[in-house]
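Two complexes follow with chain A in common, the first pairing it with chain B and the second with chain C.
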Partner chain A sequence: MKLRTALLGAVAAMGFAPAAFADRGTDGEVKLTFPQAVSIMNPYLSGGTKDIYAASMVLEPLAGLSPEGVLIPKLVTEIPTVENGGVSADMTSITWKLIPGLLWSDGTPVTAADAVFTWQYCTHPEGGCSQATKYEGVANVEAVDDSTIKVTFDGPKANPYTAFVSALSPVIQKAQFEACLGAAAPTCTDANNMPIGTGAFKVVGFTVNDTVSMEANPNYRDPAKPAFATAMIKGGGDAESSARAVMETGEFDYAWNTQIPPDSQAAMAAAGKGEFVVAFGTLVERIEMNTTDPSADLPEGERSTAKHPHPILSDIKVRTALSMAIDRSILVEVGYGAGGKPTCNVIPGPEGWASDNTGCLTQDLEGAKALLEEAGWTDTDGDGVRDKDGKKLKLLYQTTVNPIRQDFQALVKDWWTEIGVEVELKSVDPGVFFGGDPGSPDTFQKFYADVEMYANNSESPDPESYLSQYMCEKAPTPESQWQGENINRFCDPAYDALIVELGTTTDLAKRQEIAKKLNDMVTKDSMTVIPLVHRGTLSAHSNALGGVQINAWDSELWNVADWFRVK
Partner chain B sequence: MLTFTLRRLLLAIPTLLAISLVIFLLVDYAPGSPLSDIPLTVPPDVRQKMIEAMGADQPVFVRYLLWLKQFFWIEPMTQFDYWFGTSYMEGEQRILSWQTRSPVFSIIGERLPQTLIVIGTAYLVGILIALPIGIYSAYRQYSIFDQAGTLVAMIGFSVPTFFSGTLLIIIFAVWLGWFPTKYDTTLEVTDWASFLEQLRQMAMPVMTLGLANAAAISRYMRSSMLDNMSMDYVRTARAKGLSERTVVLKHVLRNSLIPVVTVIALGIPSIFGGAIITENLFGVNGIGAALIGAIHASDLPMVQTLAFIFAVLIVLFNLIADVLYGFLDPRIRYD
Partner chain C sequence: MTDATTTPPKPASQLREIWQQFRTHKGALFGLIVLGILILFVVFGQFVWDPPQRLSDTIKMKNQGPSLTAPFGTDQLGRDLLLRMIQAGRVSLAVGLIAMLIAIVFGTFVGIMAGYFRKLDGPLMRLTDMFLALPLIPLLLVMVMLFRDKVAGILGPELGAFTLIVFAIGITSWMATARIVRGEVLTLKEREYVLAARSIGARSNRIILRHILPNVVSPVMVAATLGVAEAIITESVLSFLGLGFPPDFPTWGRLLYDGLQYLQIYPERVIWPGVAISLTVLSVNYIGDGLRDALDPRIRGR
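Moving on, here comes the complex of A and B:
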């Protein structure tokens, strides 16, 4: 009897014990493709989205963000708040508690010392860490004990969830990166390409700018995950070929950033092998108005500076008329299809932060004409172009070389020509436009044009730092080597005061209210920024891949541990 | 012959130095920044720190001299260390790519095999198709075969690879589903099944490039054959009563090959250079794809090193073509 029980027990153990682990690695391989290949697996040295997303399968932050933009614990037991005592009442420190027994993929324990080291690594003055803003305002990170991390700020911080939150700020292993501090950071090729992490996968092979090969992390904290035994990311080509590999040939399971023309989207979706998914974050394609005079007649060093207000665009009526003449839904239809929607806000989301500003959505050409008349711009010589005091209403409209942007330029030029504005178009190589070289006349910061179009976004759902870009002091000037984020040199003391207020406000509802007010000040109240399209990231996944939940606030691959093969 | 080769090699040194300087200045003064791919959310002061960490803020001539030292001293010595297990270059800064922070030569080493296999095969396939077509087209000038060959060659010449490649993808991958559209570099050939898989993934890029290569070479072969067919020595050979086979394949072909060999030899550096468009289209991670990626990212060390290696190869293969002349044509002697 005893023997029988023992045998039964053994059989049961054999039957059940593996069952608990049976889910990990049972679904074979998951194949991802990125239109730009992965260059490095260390997000602190890259900054390119492709690298950050790829690294997010391996490296994890203490807390991430859900598709709704809500904080979710990753390596910690819970999200610290003022209520649960994790955030000090004066908002000057935050204390995180690591999950007990957490292991790196090499089997060593994750401790608070790793987080402290991560902070030292990224804030080292010679390291050139691309995520340094995540640790801005952090005075100290200390290990209270092996599993308790205390982050102290140099003052009250309204939003303490920056350091170690989201895929931009993951925890790296001290043991692996110890010799890579500061100037030595780029020389640690092996660590940068094959970091040891806590994520669902671990890197087993890396070919620069081509393929990342991964295996399920044997020490992942959920023994049943990930469902896939191996994963690979193949990069290169373009958005079209990535989309095709998922939607038409079915070679890949997931393709990130498949922004292709709307008609191609429809054709590929018709093949029935997969579907497109869109993540709407805060990316807004906009036209920025230059509030200063970019005229080439001005001496170098005074062009596009606050010394000379713009002769035409300083009048809010002109700016409003230009916005009214645009039909945003046509722009979406032509350029983005499912990947975009018309917007009037610079902060289009998340819900709660977005203003209910919809006034710009209907095109009103007649109204625009009337406004220009009112502003004194009339067509006196009958050549179709309005003029005032002998000066023509003529604008230089610049953007980067990009097929969608050139379509937009052509459409907007048509509408503006119709209301009597002469438009000259210019397109600049994106490498130059965004390159920030102070010696080049064509950077978007220098803004040697009347209006310019590009896209920008807030990197976190809380838009404080994003909105602070429009403060007076952040205008690019010759003195600042033309560096600065306040591209249109917008300057309103009331705006700056509100930003300061936002920095000290901790109540969420109040913060949102201020953010909406700030949003309205640069958009509908002053028409300094004309938002056009709220752009999403269009990605594609095959019908055979389950569990995909697209996320605009964190890495798109945030829940890769939950992905599975649809059988 | 030996003195000629040596003289040419010595002459190549100042030439290459001048080329390297020109490339460096061209790439450096070209507009663009290594940080243009970084999202706008990264603020200016962080960008400045990143630039400093790359060393991109140093003056041009400092970076050029450093690059010279790295290219001609540190990199060869690192290779020496690797081969003989020594450690002379421990801690020395190798040429690092700005974009990936990896040593440029490891990236090239990783990518060269793919380029040589795919582009090399395409070149070989191109030659193997082109030579018989060229010979027979010339021998039967204005026959239907010649006309058809001309048509195919014109198509190969005038259709750009981004078009023919996409066409192949739509036909063979999307409609027929025979071949994969993305080259899998992690595939290791260990048995017949994986060898077959390798052939499948090579099929489309090789077809695309092979057609373009064959078109050019077959034209050269044909016209060179035609030039020789009307020569007096051919008439003499026929008058001697030699068989047509001997006349064409021994006498005419051997003489006609001289210019064709030059064309083929001068084309070899382009194999190492990879094929920018085709590699990108099919996801072959070769040198061409690396070059265009580096240009887009303003990755100066990578572009500079690759462009310079191409320059070296071109100088080298010009020399090889000249030396080959001597073997093919006994009349040519350089001493």
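Moving on, here comes the complex of A and C:
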């Protein structure tokens, strides 16, 4: 299906291209619905995906990412590389060349000064820029001339494509935002709600937390695009109702984030008015093993810290047995349907980065039982629960309150009970679980449980920073106010060394190889993380909307300029 | 009526009289039968209906509609809904009834003390006001958060959660009863028969137990019936927020919440627990209504 729409889009684009000017705005209105309403059109002031996606129709970065996770030029003539001289040989600077004659939607020219300003805007010490990580390590951005932007880093940067790449760091107009630097940024309501951009559409009306109305940008660089004269994003409701608005009633053309149960998906798809598309990024639902002892008998401040290794889970045989007992395909079938795939990797994509590790995909209950026997866990008192040295094989399994996760808990508990493990379930309000409050005992960082389940993903296709989460020093401890990403308290000097090596490796093939090795170290080699399901973002589009190409690495609306009405 | 007050009737005949009056209330009788059936259903249901419970066996049977093998259908994991309703009902009914009992006993005690003893009136009623002013759900959340692990450590996760929830709901829903009872007691204690009892030297505890308590039973009954419904619903709220029972421990409220997302395709998942909660609340309310009439000597005489 994806291939078909892609081909349709390509055919349509070719068909329209020679017709030039006359084809812009001939297809009427395109209507989008988001379950969460858009509250601001400036991605630098919002961490919300809904806002970033909506803004991506108006504001554009220098380069974006294709559905395959490959860089594609947007406002520049080509992607700078070491080969074409755009990236300096020592990897300390990158030079972008703007397309000549590029105009903002108000008719003024786009210059390198705008990019320099964008950097100043986001890195202003008094401003709270949500995308500051995109500009981390950037020492200077300068305008070599009107159309040349040079980004200098404070050291060799293995992945220089961070600033001005993807919908998270678009270029904003200097003239419009000049008075909005630093602390003044949130007060510029007009600029934040109706930014002037280079995208296919421009904002003409904005009702906060409700509707964004747009019309085709008269100065868009391709005179034949966009095919739609106007666009509208309506927010609110829930995943179920927005999916219905596209798949059953046909009120809308596109619905973002329509994660609904597999049965409902099938029922809606059967109506034949639209189809679901899935963007598979790096989001993996996993069970994390606690390598430290969370026992309540330990004094506060020593619970779940490296001082006390876990009495049961420190044995790799137990961890392996727990993974073997799980049938991941049933989990996918029950929880996600088309929106998920079974996986054994922490890094499930993009293609080149994912390890070929598939060993966990077949369930092996007998093998799991045998492994537990081997590890010394036997059922001596015949109550169905294994024990060793008078200690029961009992685990506390926590996750957030979420119907799918509760189903997963029930299933996993069933399999684990089968192999003789007693499981106690616990579900925590997601606001508390992910809230990071050091005073709460129920946060996922504190990990006052034996195993816990949640989903996590890499922000960019290059997983370096994501993988570095499992370094020893990143473990949450009382000293770090329980902040830190190494939830399992996994600690392997070899792993840390490999991360350092990854940071200095610039060759892509080599980087991918190291990433795979790192992925295997936390998954199949140590079974510290048990990946379960590779989750996609499920969106829906009507059959009357053509050109949709779902993208997990950039905004889903990355090619909105190519969308057209199927007649 | 004059006969009844001059020569105290024997307790047995009084009970019979109440029953006679209760029987004439059709709704109450109906409520009693329905509640009886529900209680029988949840207490003995599992002896009669015991399908396979291992998920690895049932998963192939998921999402079935009502049939002979699964009269209520199965859920998204293939679990038999009839069985889940039986297990869930045991918890929900127990929570409702016990929490109500705690609230009633405590509320009545506070109400009588405040109404009867002038000196206690001020402090006790201010305490009631204070409890009424507390935001209920946040208070419950804090209580559960603080004590869950400790109670679970002593009583085990399931019994621990049960005790804590029942106690938490009971302790936060006695205020209405206390106020109603106090009001009633204030008027009762000025009645001639109470003054008469006091004038012949009856002690306070005797007056309260013999003359006042029987006369406040009817408003207490009404408050109690409403309390059951409220307790069942509060338990659902707590489970919904992840602070009630462990997630694999079904209650009617949780079944309702779980079924919500399947409302369109499998409406029965919401209908079963919804009907069960409604029937319980309705029948308890009718029983309360009937009891109030039956216990009120003024109505009973007619």
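Assume the second predicted complex is superposed on the first by the 548 of 567 C-alpha atoms of A that agree within 3 Å, B and C clash if a C-alpha of one lies under 4 Å from a C-alpha of the other, contacts with A are read in each partner's own complex, and residues count from 1 in each chain.
As a working rule, a contact is a pair of C-beta atoms (placed from the backbone, for glycine too) under 8 Å apart; a residue touches a chain by one contact, two chains touch by 3 or more.
These numbers were taken from a predicted model, which means no experiment stands behind them.
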Quiz item: Clash or fit: chain B and chain C on chain A?
Solution: fit
Quiz item: Looking at the overlay, does A:409 come into contact with chain B only (first), chain C only (second), both, or neither?
Solution: second
Quiz item: Thinking of the overlay built on chain A, is A:527 touched by chain B (first), by chain C (second), by both, or by neither?
Solution: neither
Practice problem: Considering only touches as defined above, state whether A:466 meets chain B (first), chain C (second), both or neither. | Solution: first
Quiz item: Once the shared chain is lined up, is A:330 touching chain B (first), chain C (second), both, or neither of them?
Solution: second
Exercise. Tell me which of chain B and chain C touches more residues of chain A.
Key: B
Quiz prompt | Partner chain(s) touched by A:429 [first = chain B, second = chain C, both, neither] | solution = both
Quiz item: Touching A:227, do we find chain B (first), chain C (second), both, or neither?
Solution: neither
Practice problem: In the overlaid three-chain picture, find the nearest pair of C-alpha atoms across chain B and chain C and give that distance in Å. | Solution: 7
Quiz prompt | chain B and chain C footprints on chain A, overlapping residues | solution = 429, 440, 442
Quiz item: Can you name the residues of chain C that touch chain A in the complex?
Solution: 54-56, 59, 62-63, 76-77, 145, 149, 153, 157, 240-243, 246-248, 258, 261-262, 264-266
Quiz item: For the complex, which residues does chain B have touching chain A?
Solution: 31-33, 35-54, 93, 96-97, 99-103, 106-107, 110-111, 169, 173-174, 177, 180-182, 184-186, 280-281, 283, 285, 289-290, 293, 296, 298
Self-check item: chain B-touching residues of chain A, taken from the complex the two chains share
Solution: 33, 37, 39-40, 45, 47-49, 125-130, 132-133, 183, 185-187, 189, 192-193, 205, 207-211, 213, 232, 234, 236-238, 241, 244-245, 248-249, 251-252, 429-437, 440, 442, 456-459, 466, 480, 483-485
Practice problem: State the interface residues of chain A toward chain C in the complex, per the touch definition above. | Solution: 240, 260-261, 263-264, 267, 296, 330, 334, 400-401, 403, 406-407, 409-411, 413-415, 418, 424-429, 440-442
